[in-house]
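Below are structures written as structure tokens.
Two complexes follow with subunit A in common, the first pairing it with subunit B and the second with subunit C.
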Partner chain A sequence: MGAGHAHDLYRHADTPLHRLPPQCKLVAVLLFVLAVVATPRDRFWAFGVYALLLAAVAAVGRVPAGYVLRRVVVEIPFVVFAFALPFLASGPTVDVLGVDVSRDGLYGAWNILAKGTLGVVASILLAATTPLRDLLLGMERLRMPQLLVQIMQFMLRYSEVISGETGRMKVARESRGFQARDVRQLPVVAKSAGALFIRSYERGERVHLAMLSRGYTGTMPVVTDVRASAAQWGVSAALPAAAALACAVAWLAGA
Partner chain B sequence: MVAPPLSLDVEGLAFAYPDGHQALFGVDLRIGRGERVALLGPNGAGKTTLVMHLNGILSADTGTGRGTVKVAGLPVAKANLPEIRRRVGIVFQDPDDQLFMPTVREDVAFGPANLGLRGAELDARVDEALEQVGMAGFADRPPHHLSFGQRRRVAVATVLAMRPEILVLDEPSSNLDPASRRELAEILDRLDVTVLMVTHDLPYALELCPRSVVLSGGVIAADGPTAELLADRALMDVHRLELPYGFALPDCERCAPVDRRRGRVPSDTSEQG
Partner chain C sequence: MHVPDGFISAPVSVAAGVVAATGVAVSLRGARRELDERAAPLAGLVAAFIFAVQMLNFPVASGTSGHLLGGTLAAVLVGPFTAVLCMSVVLLMQGVFFADGGLTALGVNITVMGITTTLVGYGLFKVLVAALPRTRRSVSGAAFVGALVSVPAAACVFTLIYAVGGTTDVALAKVAGAMIGVHVLIGIGEALITAATVSSVLAVRPDLVHGARGLARTLELRDGALPTASAAPTAPAAPTASSTTQA
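And now, the complex of A and B:
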């Protein structure tokens, strides 16, 4: 299997969760999120079940809670709107800590926050236990269009090259007395961005030449094969199956 | 016994880019099997254009041109491109352009996998190529975690893995620190393959290539033993070639007498376009 490519989210360890083929984990996370999203928002206990399931997965993958929680902050920009909902939505109100807030808004906020957080935590667990490279292999395995996988693969390879180039341009600007103080300096920064775009474009052309020179004909040869056994699919089905069960019960049994 | 075909046989190669800029004006170049040849020339002489013709990236189809290129007897033509690209291994100047896969192993495997190799055979090819450049322990590393010199060596391995007939190196010593430069020289020196090395680094050419050709103004302006060409001040000056400050040519028995060389210069440069 592909080697560990170090990135911010991946946490190297050797656990059953790390060893599962990436495509199994991808499908499991997708189905889990679908079950979460399909759950009626007022069945609070179901969300508790989901959280427990994720906690169990984290335990198997030996991902500490703090590690996950620190990374959950990425969702803040997306859920910040949720906090405003109780105050903005109309309809019957309820009293929370002496403040009148909309009941529907409160439910809406909870809905976004709970489902969003569960989805983000599931993704963090996936990323923490699967190297990026393997995720791409998994996507390829799942018949994701080759072109998209290739684009992501090149992003993975060249993000550091391009950020290095950005950094050098910044140093070059500042070495000649440039300081980005306010919007008046924006044209300079915009021109640098344009130059960076052209440089990257030209690099793309050179990379393409290098690929052609080594016999590239439009498809990437599949070199590392990540096959999944029926048993591995079975193991990874545990999470979405449990979540689907909770979802079904939530629909049938009520709150 | 029939002699093996030339590794590279370029005949009357002329080329103009679609924008009208003519880069090559009739290049003739023959390189025998196992030879190591340096391609010298000032900037803008057409070195890169020539290299791009060797594996059919540029051809009469992409601009206006005439002439032929044959690699080990096989003409560079559309129908032969896959085999030509196996036979001609180009190592580009910036290893970041050449190493585009997430790991060293996958990158070295890219070429042979395009040739249809799979499984154990492919693994063996990758290991062998990395072994040749002394990078066997780095197979599972991402390229951007390697030093520049290591990346250049892996770039050489990506091409060696295709078992090329001829290895074409574009400025192999550029941006290397002296130690990496020497290590690469030792590696290249050990390889049993025809080499065409495009370079401005004349001491490097002298060290590695017994023969040099000077490409200037889109034609081959001189062709001979490297030490002899480098000792020819007049020739060097005409083509903007210079040894770095502080360098002197080592004594060389094969160098022809000074006046004979002087006498030859005009005829060597007369065909400039």
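And now, the complex of A and C:
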């Protein structure tokens, strides 16, 4: 359990990107996304530059494009919203394929699609090249409060256990003929949620007692120290620096 | 309702990030008071519970299903500070590891779905519990109202943030109408399942429900004569498994 769960998104490999300390990657991704969000939406070339940067990062980390594309589906609800925008927004209209749509809405849709997709891809690349546990260590190195990091560690370790319980309760319900058809079945779902809460809470109490009996004093021992050298910070600064440059040029030079 | 990157302008995202960080910092202190040194494992497990419960879909109307946000539920069950922490951690996880909700929009997401739902839901719950008679039924009723209002309230706060830093020019009235309209419906589902969940936990382990702390009667010492065998004493926290489905 302590050995770092391989989670949904992580792809094991040994590349320079995988070897980079997690805190460097976290900061780099955050700054990159900030630069993307701060870019004016009508500088189309800048978004091309960002996409190329991400493609380069993916190539270094040997993350295949198909893998990234399959993961982008989390974005779908907002894509739907973006496609509705040209019809919802007000202001001057333009003619697209014979349909009058709002010019501003079209820009808005582009804005959300481009920035949202770049953000999602950046997060996917981060998660694909960094094990969960390392990301948490990285957050700790970035001075995130210890208690918060511990809570996240527990959540990660036990989310599979709790999801497993949810799954078994679902099987148990359905093997007794339960089918969630409409609102009348809600009490059953709620009682399952209640039972799940009690089980989770009691497990938390047992975990706490087990930790106490092993000498827990409120802080977790540091087993692996992930220090980052100046050189590593320098390497990981390449992505946000390039993005910041593109952003600055976009602001100054225009379309 | 997970907001992606680019939906809210950069300055407003940063401002919301500051609000969220402040809220989390305050909650970290409060959670230590609520749970003392058990905070880490218990809040972690409750966060895992919220994460799992969000996957529990319930049918709303023909064909569509909704799921719980869980802010009010967590606040009633484990206390408001721990609830904010749990919700924030769940949102952080979804943003960082599952790319659901943008990194720069994390502040907006935590402010709207974590802090607002918890504050509004728990605040209303507290007021109602104080006003109503001290029974289990009124605790679940208060949880119902709290959850019912918390979801549209979150939608209102989102609309407010959108009004300040939205990147599209959709008329504000349209956004407000759509957001609040949809979330009133979601709120009804949230309220039903929150109330039912709280009442089912109350039936089994009333001692675990943070919002029902004042409910338990103190045990009284009886002296001398033993009660007759037929009159079973009414212990406050007697686990009665009869009314639950322990699947």
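The criterion applied here is as follows: the second predicted complex is superposed on the first by the 249 of 255 C-alpha atoms of A that agree within 3 Å, B and C clash if a C-alpha of one lies under 4 Å from a C-alpha of the other, contacts with A are read in each partner's own complex, and residues count from 1 in each chain.
Methods note: a residue touches a chain if its C-beta (ideal position, glycine included) is under 8 Å from a C-beta of that chain, and two chains touch if they have at least 3 such contacts.
Nothing here was measured: the structure is a model prediction, and the numbers come from that model.
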| item | value |
| --- | --- |
| Residues of subunit A touched, compared between subunit B and subunit C (which is higher) | C |
| Touched partner set for A:L156, first subunit B, second subunit C, both or neither | both |
| Touched partner set for A:S213, first subunit B, second subunit C, both or neither | first |
| Which superposed partner A:A38 touches (first subunit B, second subunit C, both, neither) | second |
| Which of subunit B and subunit C A:L196 touches, first, second, both or neither | second |
| Partner chain in contact with A:R70 - subunit B first, subunit C second, else both or neither | neither |
| Which of subunit B and subunit C A:H12 touches, first, second, both or neither | neither |
| Touched partner set for A:I112, first subunit B, second subunit C, both or neither | second |
| Contact residues of subunit A, present in both the subunit B and the subunit C interface | 132, 153-154, 156-158, 161, 203, 207, 211 |
| Touching residues (chain side subunit C, partner subunit A) in the complex | 4-7, 9-10, 13, 24-25, 28, 31-32, 37-49, 51-53, 55-62, 65, 68, 73, 77-78, 85-86, 89-90, 92-93, 95-100, 102-105, 167-171, 174, 192-193, 195-201, 204-205, 208, 244-247 |
| Of subunit A, residues touching subunit B in the complex | 2-6, 132-133, 136, 153-154, 156-158, 160-161, 203, 206-207, 209-217, 220-221, 223-224 |
| Parts of subunit B lying in touch with subunit A, wherever the complex brings them together | 52, 55, 57, 82, 85-86, 88-90, 92, 94, 96-103, 105-106, 109-111, 113-115, 122, 139-145, 158-159, 162 |
| Contacting residues of subunit A [partner subunit C, same complex] | 7-9, 29-30, 33-34, 36-38, 41, 71, 74-75, 78, 85, 88-91, 102, 104-105, 107-109, 111-112, 114-116, 118-120, 122-124, 126-127, 132, 135, 145, 147-148, 150-159, 161-163, 165-166, 168-169, 172-173, 176, 180-183, 185-198, 200-201, 203-205, 207-208, 211, 218 |
